[in-house]
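Right after this note come the structures.
Presented sequentially are two complexes of chain A, the first with chain B as partner and the second with chain C.
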Partner chain A sequence: MSMETRPYLLHALSPLHAGTGRSVGIIDLPIARLRATNIPFIPGSSIKGVLREARRGLPEGEWEALFGPLRKVSGAEGDEAWEGDHAGALVVGDARLVALPVRSFVGTFALVSSPLLLELARRDLKGLEGVPERLKRVEGPLARVGKGNVTVAPEHGKLFLEDLDLDVQEEPAVEAWARFLARALPEEEELMRERFVVVDDETMSFLLETATQVDTRVRIDSTTGSVAEGALWQEESLPAETLLVGVLAAGPSLRQKTPLGAGDVLNRALRETAWLQLGGKATVGRGRCRMAAWPGPSKESRR
Partner chain B sequence: MNTARFALLPRDGLFCKDGRGWYTSDVGRSHSYAWPPPSTLRGALRAVWGQRALQVRGARAPSAEEWEQATQGVSLGRMLSLRRPLEEPFAPRHRMWPTPADALVVGGRVRRLLPRPHPEVHTLGTEDDDALEALWRPMAPAGKPKPPLPFWTEESLVGWLRGQAPSSPGVTGPERRVDVRVTLNAASQTAEPGMLYQAEVLEMLDGEEREWALGLECTHPGEASGFPWGPVGLGGKRRLALAEPVQAELFTAPRELPDRSPGLRLILATPAHFRRGWLPDGLEREEHEGRPCWMGELPGVEGRVVLRAALVNRPMELSTWDMARGKPRPTRRLVPAGSTYFFERVDGRPFTALKTLWLAAWGSDHEEGLGRVLPGSWNPNEEDT
Partner chain C sequence: MWLASSRERWGRSAPEQAHAGLEYTRGAPLAVLRNEDPDARENWLARLARCKEPARYAHAYRRWRQSLHSPDTLCFTVRALGRVLVGHGTSAATRVGLTLQHTWGVPVLPGSALKGLTAHYVQTVYGPEADDREEPEREPFRGTTWKDTRPIRAPGALFRRLFGAPDLDDSTGKATQGEVIFHDALWVPAEEGRGAPMLARDVLTVHQRRYYESGGQEWPVDFDDPNPVSFLTVAPGGRFLVALEAPGDRPLLERAEHYVKEALEHWGLGGKTAAGYGRFAREEPMGDHASAAARSPAAVLQSTPVLAELKTWLEDQRARKVGQRPQFQQLERDWKERLLELTGEGRQAAVYLLKQYFNLKRGEEQQRMEELLARLST
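Up next is the complex of A and B:
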């Protein structure tokens, strides 16, 4: 399908648990990750479902044109097509991690990315004005920062992340990346600029494994006031302040009598910064996110 | 007709569900092909073309007939599997090929299966086909073979076509991930009964930071520069695949390919659809050297040939979906990629134009990219594996 695309930035405001169900590992409820690279992601299907509810305010026809009609019946019986059935015009891609907040001994936390994560994001952002150049890979362990980064220990010239102490190199492209990402959320520019750090891919792999948030939870038996039997578990989340990049794509509406072009579909889906609740554990405050697109026209047509 | 050449890079992996239904075993469990069949790709390209054509005409919600008509001329030609380090432009060295059926890994070494006449050895078949019984068979080397890895690199395949065994047993395919999905009831925020399902996703970025992609040569009617004009919705759930233009050189035959050989060995690079199952179209039952055989003329092959041996993997059941009519098409049984056929010329002369057979099309449904072959040398008198 001849589609237009529009990248979006997802900013976690509280820990984000997009899980995969129960695992047999140490963490009972792990987050979704790409299997080969271990990069955390939020499935496009999760985002689409939440966005669908967030856009309930659209006129009924447009809402159906964007997201497709809801099934009339659950299960196998609902698979049959019916008169007027059509696909939604909107395609929601997965949101992949681009920067992970990591505890820093100086400056509280750093927003840590790597050349691989930025390269994957760069593909999604292609066509937008001012996308920074590719950041070359370097031998690690090493951290690259922009000027004025508040997480660098001034007396040591090093970065202390979790259990790692990393030599630091100043590179203007890192600041350019921070400023570019912040164009989607201008009010966060200062926070991103002064904390954005690019480590080598190997160090990032280590942090992807060790720097996520793992909470141990219990359920209390209300009659005894003690822990209910078998009700102790650990759940993993992406920490608050995590940044992810994803892509929305759209073709023209396939709904009869609701003519919308691909651009109209994207404008309705991403009309302003959306405040969404993504992933599981909503009732304990998990998954509050902001979803925002980069402003301004694309440098080149994505048609 | 114009030709577009591009690579498709699935952004979020690929979900190409095979013909098994959602409700055949565990409820909501789907199974994916190990690699997308060419027909899936052609379907996706037809959808791109049709959408654009109808957009230009200002039409909405086309009928099935309009859709068929608008997209009929979009054909898939040669299709490649590609794997490259991130950041490198695509080149022939990034081509990946299905593991040939005449290779066996025994004792850590790749061994060649060389068919020879064995009149006293019969197949386990029904014995109602004497030409089938008369086919040559390879003697398997001693030892327990290891399951083959699904892909070979360009270097391994080119050596193999020349008759040289590679040092590496091959490459594992893309990593598979199982995504579990559920539909939530917006009002109660609980799962809808019967709406928990699994999708098997092929991940295109592997742990060595190499990415898998599909190289496609597509012909289409009329002027249409820049086809497919942006990302393509590919496979189940319309996952996004980004398009990147590639050079024609990516599809050309390697220089090292042999041009001359006493016998001809043809390996299927993509699944093939033959009228009579495993038997290539163009062959008929005849007698040769006093024995029953399959003989005839094949597209692009010099002279009349006799089929000496066929190493054919289990059939691939291809079940496709008619998007325009919203119903399944009849399932087809295809000869899977990697299957290998051995031929001799009836007049006993050597084959002298192997290169012209590079990715030539055999069988039917060429427009879907089916039946592409790789030509290799074979010495019918060679016995040692």
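Up next is the complex of A and C:
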């Protein structure tokens, strides 16, 4: 059986809250992070369910072939196999952060990445044409930028991000990365190119902790019009304009009478830009994202 | 690396380059924080009030607008009749906060504020007046009843559909998600209409300080020194794009729209509504049509999910060489309803698309096709 993989880019249009539901810190509802590296991510399981709904327009047979049939009975009783039962052909991987928008005193915000984030992204992007070279680690704190970055303060030649002042160095590979990421979303190229910044890994892990969006929310008591007792909480999210990268994989369809090759499965899953509502707090507008793939041939067939 | 004195000097960067939210919460000059010089505070706020929307914001807004072209969403713009103050309880150097969009630093009406306001409005205006009185026609609008932090009574049927309901402890009601999505209402950039200033300075003067500080123990008298507190609010005249979404249920969506509009007009959003802040008027969708005329059918096709889907389907049919008549029959069966749900430019684009792919020569199919095109064209 041959599997094919294809990377995708997630672009957040509104704050994105993929939460853990519990907290040990001062933020009541923090976002999910990878255990070892503390990098924010969105579990593939949340993406798959939403993608399934977004692709309702597919013919019934193909839809089931991609995502697997829905259980007829929920719970443990539904575990029994029935005639024609099969697994979905599509595998949805986690989406990992690749660039975090960080507020800047000059140029509104920078899309900040780091050698580690890019190296992990390179792993996912393997197989695509023109993936930029790895960026060398450097002694921090230092920010590397491309030509014409709008977030560099012209008088000081420094970057003022949130609470940090960072020295700046020009590096052509940074621009190459911005251009490469923008190939999945061509109309965003200017915006990404002029704001893309690569900081050292230590600075990045500081920003991952401190530069996310934290909203204070309350519940108002409808009889008094003031905050209900004990109903004040803080909620963390990845800000709008965040970029994440993940991988979709697929095998051939396992559904009888719906023959689809692995490539067809991926084409149907990614065929046009999808608007998805991902993560928690969706009914107050959190998590509107678009999912896009890089154009061009996919030669990453693995046997 | 940490707060250097050079920070004080970026103050000269152009107002369309700055991030108003970041400067307001994290960038106050030391003189303001130490309260040394009243002029410093005034100058600083005046500078912030001159902030304009960032250079690329209009692009981000257009893309947001495009993502909302679907029959499941309903958008309208509202104009602020007075000042708006959302999030004044959050921390800021001036001790009065202000919620701005995190990434772009432009004013925003958070989806959570819109949803909370609308829920509150619906249960107060349409819901039962008291817990015990029998009012069957008002029952669907009943809000969730809370005791401290626990819900003790499930909301009415319609309230539950619009806003969802929490789990009850005694398992008489299960939690459900609200069916309507209240998106953040984003600031409408200047190029989409009359450009209005984003922020404005405001002042609140406390006259009876000792009365408030003692919690009413001391009498309010006129001998206290007035204590003016200056802060920022969203300026009057700003426009916001309210966007609601409810997959597959247009009537519910229109109901939600009606309540949001009423609540924004009558009650107002955010803080200090008792002093007239936060009132909005819904704008006639005139501006929409003007901009719609400028969009080509191809652009509409791309941004409307139903039509993009239809186009893929049609291409597929053509590739498989399905005959025109069976293809049309299937179109009637699977697509007609969905196409008729479209409005305005969506319908025009649908006509454009169908004319491209269908060329029925005769028979009743041809007549039915013409009927469909006529219905879409009205």
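Keep in mind that, in the parts below, the second predicted complex is superposed on the first by the 295 of 303 C-alpha atoms of A that agree within 3 Å, B and C clash if a C-alpha of one lies under 4 Å from a C-alpha of the other, contacts with A are read in each partner's own complex, and residues count from 1 in each chain.
We adopt the following convention: a contact is a pair of C-beta atoms (placed from the backbone, for glycine too) under 8 Å apart; a residue touches a chain by one contact, two chains touch by 3 or more.
No experiment lies behind these values; they were computed from the predicted model shown.
In the superposition on chain A, contact of A:Arg22 is made with neither chain B nor chain C. Residue contacts after overlaying the shared chain place A:Glu190 against chain C, while chain B stays out of touching range. By the touch criterion defined above, A:Lys147 lies against neither chain B nor chain C after alignment on the C-alpha atoms of chain A. Of the two partner chains, neither chain B nor chain C is touched by A:Lys72. When the two structures are aligned on the shared chain, A:Gly285 is found in touch with chain C, with no touch to chain B. Residue contacts after overlaying the shared chain place A:Phe105 against chain C, while chain B stays out of touching range. Counting contacts by the rule stated earlier, residues 282 of chain A appear in both its interface with chain B and its interface with chain C. Within the complex, the chain B residues that touch chain A are 11-13, 22-23, 47-48, 51-52, 55, 60-61, 86-87, 174-177, 179-181, 183-184, 186, 189, 192-195, 203, 205-207, 209, 228-233, 237-240, 242, 326. By the touch criterion given at the top, residues 1-4, 6-7, 9-10, 12-13, 17-19, 21-23, 26-27, 54-57, 59-60, 63-64, 67, 70, 87, 89-90, 99, 101-105, 110-112, 114-116, 120, 123-124, 143, 146, 148-149, 163-164, 177-178, 180-184, 243, 305-306, 308-309, 312 of chain C touch chain A in their complex. Taken in their complex, chain A has these residues touching chain C: 13-15, 57, 101, 103-109, 141, 150, 153, 155-156, 158, 160, 162-166, 187, 190-191, 213, 215-222, 228-231, 239-241, 271-272, 275, 277, 281-286, 288, 290. Considering their complex, residues 1-5, 20-21, 32, 34-37, 43-45, 49, 53, 71, 74-76, 79, 81, 85-87, 91, 93-94, 116, 119-120, 123-124, 134, 201, 247, 249, 251-256, 259, 282, 302-303 of chain A touch chain B.
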